[in-house]
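By letter and in written order, the chains are A, B, C, D, E and F; residue numbering begins at 1 in each of them.
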Amino acid sequence: MKQPHIHPQSLCETAHVGAGTRVWAFAHVLPGARIGADCNICDGVFVENDVVVGDRVTVKCGVQLWDGVTIEDDVFIGPNATFTNDPFPRSRVRPAGFARTVVRAGASIGANSTILPGVEIGGGAMVGAGAVVTRPVPPNAIVVGNPARVTGYAAVPGSGPPRPASAASPAGSGAPLPGRTELGVGGASLHELRLFRDPRGELSVGELGRELPFTPRRFFLVSGVPGHEVRGEHAHRSCEQFLVCARGSCRVLLDDGHDRREVTLDRPSLGVHMPAMIWGTQYRYSPDAVLLVFASGHYDPDDYVSAYEEFRKLAAGRAVGA
Amino acid sequence: MKQPHIHPQSLCETAHVGAGTRVWAFAHVLPGARIGADCNICDGVFVENDVVVGDRVTVKCGVQLWDGVTIEDDVFIGPNATFTNDPFPRSRVRPAGFARTVVRAGASIGANSTILPGVEIGGGAMVGAGAVVTRPVPPNAIVVGNPARVTGYAAVPGSGPPRPASAASPAGSGAPLPGRTELGVGGASLHELRLFRDPRGELSVGELGRELPFTPRRFFLVSGVPGHEVRGEHAHRSCEQFLVCARGSCRVLLDDGHDRREVTLDRPSLGVHMPAMIWGTQYRYSPDAVLLVFASGHYDPDDYVSAYEEFRKLAAGRAVGA
Amino acid sequence: MKQPHIHPQSLCETAHVGAGTRVWAFAHVLPGARIGADCNICDGVFVENDVVVGDRVTVKCGVQLWDGVTIEDDVFIGPNATFTNDPFPRSRVRPAGFARTVVRAGASIGANSTILPGVEIGGGAMVGAGAVVTRPVPPNAIVVGNPARVTGYAAVPGSGPPRPASAASPAGSGAPLPGRTELGVGGASLHELRLFRDPRGELSVGELGRELPFTPRRFFLVSGVPGHEVRGEHAHRSCEQFLVCARGSCRVLLDDGHDRREVTLDRPSLGVHMPAMIWGTQYRYSPDAVLLVFASGHYDPDDYVSAYEEFRKLAAGRAVGA
Amino acid sequence: MKQPHIHPQSLCETAHVGAGTRVWAFAHVLPGARIGADCNICDGVFVENDVVVGDRVTVKCGVQLWDGVTIEDDVFIGPNATFTNDPFPRSRVRPAGFARTVVRAGASIGANSTILPGVEIGGGAMVGAGAVVTRPVPPNAIVVGNPARVTGYAAVPGSGPPRPASAASPAGSGAPLPGRTELGVGGASLHELRLFRDPRGELSVGELGRELPFTPRRFFLVSGVPGHEVRGEHAHRSCEQFLVCARGSCRVLLDDGHDRREVTLDRPSLGVHMPAMIWGTQYRYSPDAVLLVFASGHYDPDDYVSAYEEFRKLAAGRAVGA
Amino acid sequence: MKQPHIHPQSLCETAHVGAGTRVWAFAHVLPGARIGADCNICDGVFVENDVVVGDRVTVKCGVQLWDGVTIEDDVFIGPNATFTNDPFPRSRVRPAGFARTVVRAGASIGANSTILPGVEIGGGAMVGAGAVVTRPVPPNAIVVGNPARVTGYAAVPGSGPPRPASAASPAGSGAPLPGRTELGVGGASLHELRLFRDPRGELSVGELGRELPFTPRRFFLVSGVPGHEVRGEHAHRSCEQFLVCARGSCRVLLDDGHDRREVTLDRPSLGVHMPAMIWGTQYRYSPDAVLLVFASGHYDPDDYVSAYEEFRKLAAGRAVGA
Amino acid sequence: MKQPHIHPQSLCETAHVGAGTRVWAFAHVLPGARIGADCNICDGVFVENDVVVGDRVTVKCGVQLWDGVTIEDDVFIGPNATFTNDPFPRSRVRPAGFARTVVRAGASIGANSTILPGVEIGGGAMVGAGAVVTRPVPPNAIVVGNPARVTGYAAVPGSGPPRPASAASPAGSGAPLPGRTELGVGGASLHELRLFRDPRGELSVGELGRELPFTPRRFFLVSGVPGHEVRGEHAHRSCEQFLVCARGSCRVLLDDGHDRREVTLDRPSLGVHMPAMIWGTQYRYSPDAVLLVFASGHYDPDDYVSAYEEFRKLAAGRAVGA
């Protein structure tokens, strides 16, 4: 079994360091810390006691991991990235308990970024260099700036462009829908609605159940969303949705647990069909955006999957079962 | 039988003047004109040959009725109101035919207004004093300005305010809809949708078939409507509609052939239900308005009634039959 | 005594026509009308019964004066100018009473303008050619457009530019105020306040009772005034006022019953002092205008003079008494 | 020779009425007026003394021609169109002299329009019904509204669409210019400049003397033009011009005295070449429009032709000489 | 007496370390530095010579204190917070003297923030994590962002919500003021002015000395304040003030040396009365904000207290004396 | 010869450290690094293997120089400034090659700034404290913020204000140009064009070859430039340019290799003449800016000098040769 490599000019006071992990010079790890295998703890890193670090984690120079920080497997933490654990620090005033900060598996924390106390960085997320993270970062999201905002989502390696429409058709109709393009993510598709323009304005129209894939039982209208907000972030077990941006624009991320694809809804004649078991996220709303959503079922709280990790597991199970 | 009264200092060259009609001093009526009964043709009015005037029409001083003008019963024409019959007049260039201008029954043409050639003024409409009318005026509409724009609709005498919701409920449900107010026009009703607001934006929602009175088979989105445009102006024989202004605002006029009522849709949580056989008109769109319409049936051109006079007759027939 | 001149091809059915008045061809005056002396009633004019016309009035061709219209002395009515007396005319529907329209002495009604029923045109006012007058016109105001808006005030013949500040000083101080310019109207004056500008913004300041002429006992802030509105239009018997446009701009008309002057307040460092017995009018508010007014006295309804004619008389009396 | 036709119920007091002219009932022409041949003076028209009317003029009912009005040949004057001759009329105050109003040959004055004193209506111009004309109307211009604004120019009958580029090339180069389209008016042409766009902005470029037809000796930049203003309105005897709208848009009317064509410059990569002896007019500037003009010669006041009538004659002479 | 704790793997070259202070591993303190008692100097901190650190100061990992930095008592300095002492550093170019940076007692410097040279961080202030501080931070202010802006003020522990108005009344009147709410800070109060709204705009009014607590001797208008600016920041020994935001909005912080309260002035009918000896601060001006201030006395420079520390002492003295 | 000073508590594993260089405590330099003479490598600095550092470089505490970083002579690197070498770092995923980051001679990297991988910091540039540098920084530019934007250019020590116009005149004309001001940089000059303003707009005009120094053979129009973009950044060997901001504003930096000067073009009547061999840069474009550029020659790619270092050498050679 591989032994950890502890540099002689470091101070490693814990016994819990996994095999293959390297601790470099001038690093200081306090006795209560637990560090996994095959990690890289670089020069000058400081690790407090109430800290857990997973496997295959890289912590670059100038980073401190304070009490209350948990780093899952395969995380990268760039140089001088700065964690915190007290939202209103005052000298010699110790808070009752430290806010817990969790960096989920596979995330990347950019160089010299700042992570405010108590936020969770989602799995696979990427915090840009110099970002100041003041709120939770969704799974796979890319955030930059001060304060940090979502600017996109990390790509799934190897995912290609949207494929042309298959011969798929709405249930029972036997004929393909016009203006439909498969997105290659969990059966989702883009739909070009018919559009009529004249000097009196413009009108887009959809025949429900004919041109669109289901007859809605619920609709909702979303508006007034600040540009930096992210909405959605859940999946449905059985309910289907159809989204149209009636004014302005927003981006829609579709994730079936395996592939991800992003579309921009920017005109009232473009809709996206999200079948059940798609993790949907909408963001980058323009200031005037109005999102119209049709749902195939009435409201049912049990139909929601709100935790991404749970969704991933459910999706994996379905894929196996299929 | 009453005789017409022809002032000795007028020039009345036609034989077709109805009983009880008065023609005043310095008025001049050419031989081909036909004027109904109980009219009032004031001082200095000039009437050409190819002109038909109905019964009980008032034509005030300083008005000329040119070849091609038809005035139906009960019309009022204010002083110095000016008709035309050639869109691009050049001296001594006689057009192949004159544009026909029709003023429908009961309309009122404001003092010193100008009516461009070939427009139709709808029944009961009111043209404001000094208005310059460059396009057709819908039935009962009030238009003012240069160019004239619709600013409202003439009230039906005696129509009261909206009544509170009756115990009516969607077909088969047996329970009244929450947030519903009867409008007292052909079964139409206003609906307050549920609205959720938080820092991430606002969301209004409707359960179709439960909170709203039907399950839609078609939807359309109307946007980019210039503020002076009027849309709708038709009725459906059997299709129901539900309208929500998803952004901005517009006014909706509902007319069942007997009563008229107007509502302003100005928030995404307010909808109006228009049963079949309502003549619907939308106007005063704000620049950012997006109107969302649900229809209970797929598109069927035979379901449309596009002429107001026909609608009035159909509505009257139904009322009798009911 | 001069006799009226009645053209043989007119129809003048009234006996009440003043000396020196001319009634031209094709004009028609009904029996009940009363017309003053030295008037000019041009070709084709029509005058109903319930009409009073003062002395030295000109009525050009194509004008009708309907029941309910009163024209005071020295009024000019341009060709084809059109009066009305029923706000919602319908044929053969006679209103209970006609709205009364009054044109005050010395006013001028532009060619082809339209006057809606019941409005009063103030003394000395000037209605622009083609204007459509939908609301009362203040004394001496100039209005144009459809609908007509106040664009200025008619000048008093012979009034010169503002004179430089006299040696006048605030009561008891014995020293002239800095930055003061006499306006030559009832003791009113313009005041340049001290202004300080730096990157943190700008600040204008006035020492009350030192730099400004009185210590205020009341202040008010006026905002949200539509650009076409006219405010003020009253005088105070004893209260003084000091006006500053804290943001945006507006025009202030000062009238002491003899002279008129107009100033534009367009910066927070410019104020105007209105002593008692100035008829003050503010108009052409910019959309963002905020007018700050100091008053030397607490609110007292008896201190207001709200009718211009009364003000004129009071001012004349004071001038005589002084 | 044809005699004029004078209706027995008119009052025609002048001896100067041309052959073939008709004067209708209740019209009144004062002794000093001069009226040409083949005119039509309709019912109720009033003509003062200091008035000249050309040949083939139509004056519809309800019109008055006051002292100071001149109507050239072939003019049409619609019903109730209203002329004026005193900018600030007061009753019984006769101005020193009347402003002179001239309507040039072939113009058309819309029904119920109002013409302020002293304006000139250019030849072939068309004043819309109900317009209130407060400033001179350029030749051939179409004006509407209150106040009236130029909205376009009357078409030359029979002028077709722009022809594709001929093999024409700049002087001496022997090769055709790329991106050039002949406009069919006096050698004028449209030029598409090369355009480069990238995230840093866009750049349009023209090689002078190569891609464009001459080397400039002068340039000017025009901006801040109110949307209702008309600029240009002159021709050059020998100077050529090249116009590009560097921002915003404007319309350019080109007139070689025989044909007219209008182009809209709406992007920095579109230019129009105007050879010498083109009457050029620019109008409908967008609020942000910046017009860049290159001229082939230095400034020379003798090179300008500023009167349209003179230009027409010069152009006709050249055409004959060519 | 407690001894300092110096980690054997640190380099502590100064003799001036207070009792109870801990210096941790890899920290390096140069010989000239002076460090107080009960401090915590964490791993890897570097302290130059010309540095003074007070008592009970925490300096987290990755911080350097350069020549010219003074840290008062009870300051917290978060990890990787970065100080500077040369505004335009160039390698090997030593400035004549270093800008002095002072962090006042009780302030908190956020993790990974950057403090530009020469700024003073006020007592009790809180610099947000990741902030880049380019200008002085007022006492108790909270600043965030790059560049850092004031977003609020730290609360005084235990201060409750505004209390309802007491029976207090203006001097001599004997009656309470209507619309008044005590703020619980040095006698300050909020005042709802009477507001009148109609289609002609809105008017708010205050009777001075009746509804408001004093008769003003000075007024000033503040406008054009950039949103990130802070104004005020002084107290008066005897002058009272009354503030109204005549347009837009701003926040007003009132501090009597013991309690602090913040109000938002956001309408022309809301004023705040600041008695003497209130430290007043205005910030978060909206772009269109116009602040109107009345002062009870004429301008007197000796009435100003411009240093917060002096104000605190004066206020404490008064409280004792009272 | 001076020896390097290596602190005993540092880890300096390379043999390539220049004379006079100091390496301080807890610094760690890997074996492959090459460090020049007279450098200052402060406490806790970490230097990887594939790193080259020039002479007289200062690297303050908390900095790491990663594989791929090159630091030229005389560079200053502030405390906690953070470099990176992988644009999308993932733990344990080593990119094929590291992006190379180069800091050119004389640049200054601000405290706690973040430098993204692969950017080049130009010679003499100044990166503000806390800046996040995401794109290359031009020579001598000053950048601040997150993300960093150019806000100005570092001054050349000792350069004075623009001198008044000399007697210089355009080639061959013998007479000075009106409205010209020499800028003192490579013969460049400012030109006030003649400007004409009236209610119809404003017009600025230049006679080419008379008022302006050359006859153009090319023009281009630049628009739609984002405010943070920098354009130009090249010199011409023989082509002259004349720049006018036809709308909006931008800043123009002129650099002849020895002196630099900046002018703001903010009106259509202000132009700047750039002779050949001026390194020109335009930045801070307002959103509506349209830059009009005349060039004295047709396009010739061989006339461009696009690398600043090459320009500096060429300029120096010319200066010597002159």
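Observations
In the analysis below, contacts are C-beta pairs under 8 Å (C-beta built on N, C-alpha and C of every residue); 3 or more make two chains touch, one makes a residue touch a chain.
Computed from a prediction, not measured in an experiment: that's the story for all the values here.
The set of chains in contact with chain C as well as chain D comprises B.
Counted as hops between touching chains, the shortest connection from chain B to chain F is 2. Averaging C-alpha coordinates per chain and comparing to chain A, the farthest chain turns out to be C. By residue number, over half of the contacts seen at C-D repeat in one listed pair from A-B, B-C or C-E, namely B-C. Counting the residue numbers used at the interface between chain C and chain E, over half appear in both copies, so the two copies meet with largely the same residues. Centre-to-centre separation of chain A and chain E, using mean CA positions: 39 Å. If you average the CA atoms of chain D and of chain F, the two centres end up 54 Å from each other. Rounded to whole angstrom units, the spacing between the C-alpha centres of chain A and chain C is 67. In chain D, 26, 44, 62, 80, 112, 146 are the positions where the chain touches two or more neighbouring chains simultaneously.
Listed by label, the pairs of touching chains are A-B, A-E, A-F, B-C, B-D, C-D, C-E, D-F, E-F.
On the chain D side of its complex with chain B, the touching residues are 9, 25-26, 38, 40, 42-44, 56-58, 60-62, 74-76, 78-80, 106, 108, 110-112, 126, 129-130, 144-146. Residues 197, 199-210, 215-226, 229, 231, 244, 246-247, 268, 285, 288, 290, 292, 294, 298-299 of chain F touch chain D in their complex.
The part of chain B that touches chain D in the complex is made up of residues 11, 26, 28, 44, 46, 62, 64, 66, 80, 82-84, 88-92, 112, 114, 116, 132, 146-147.
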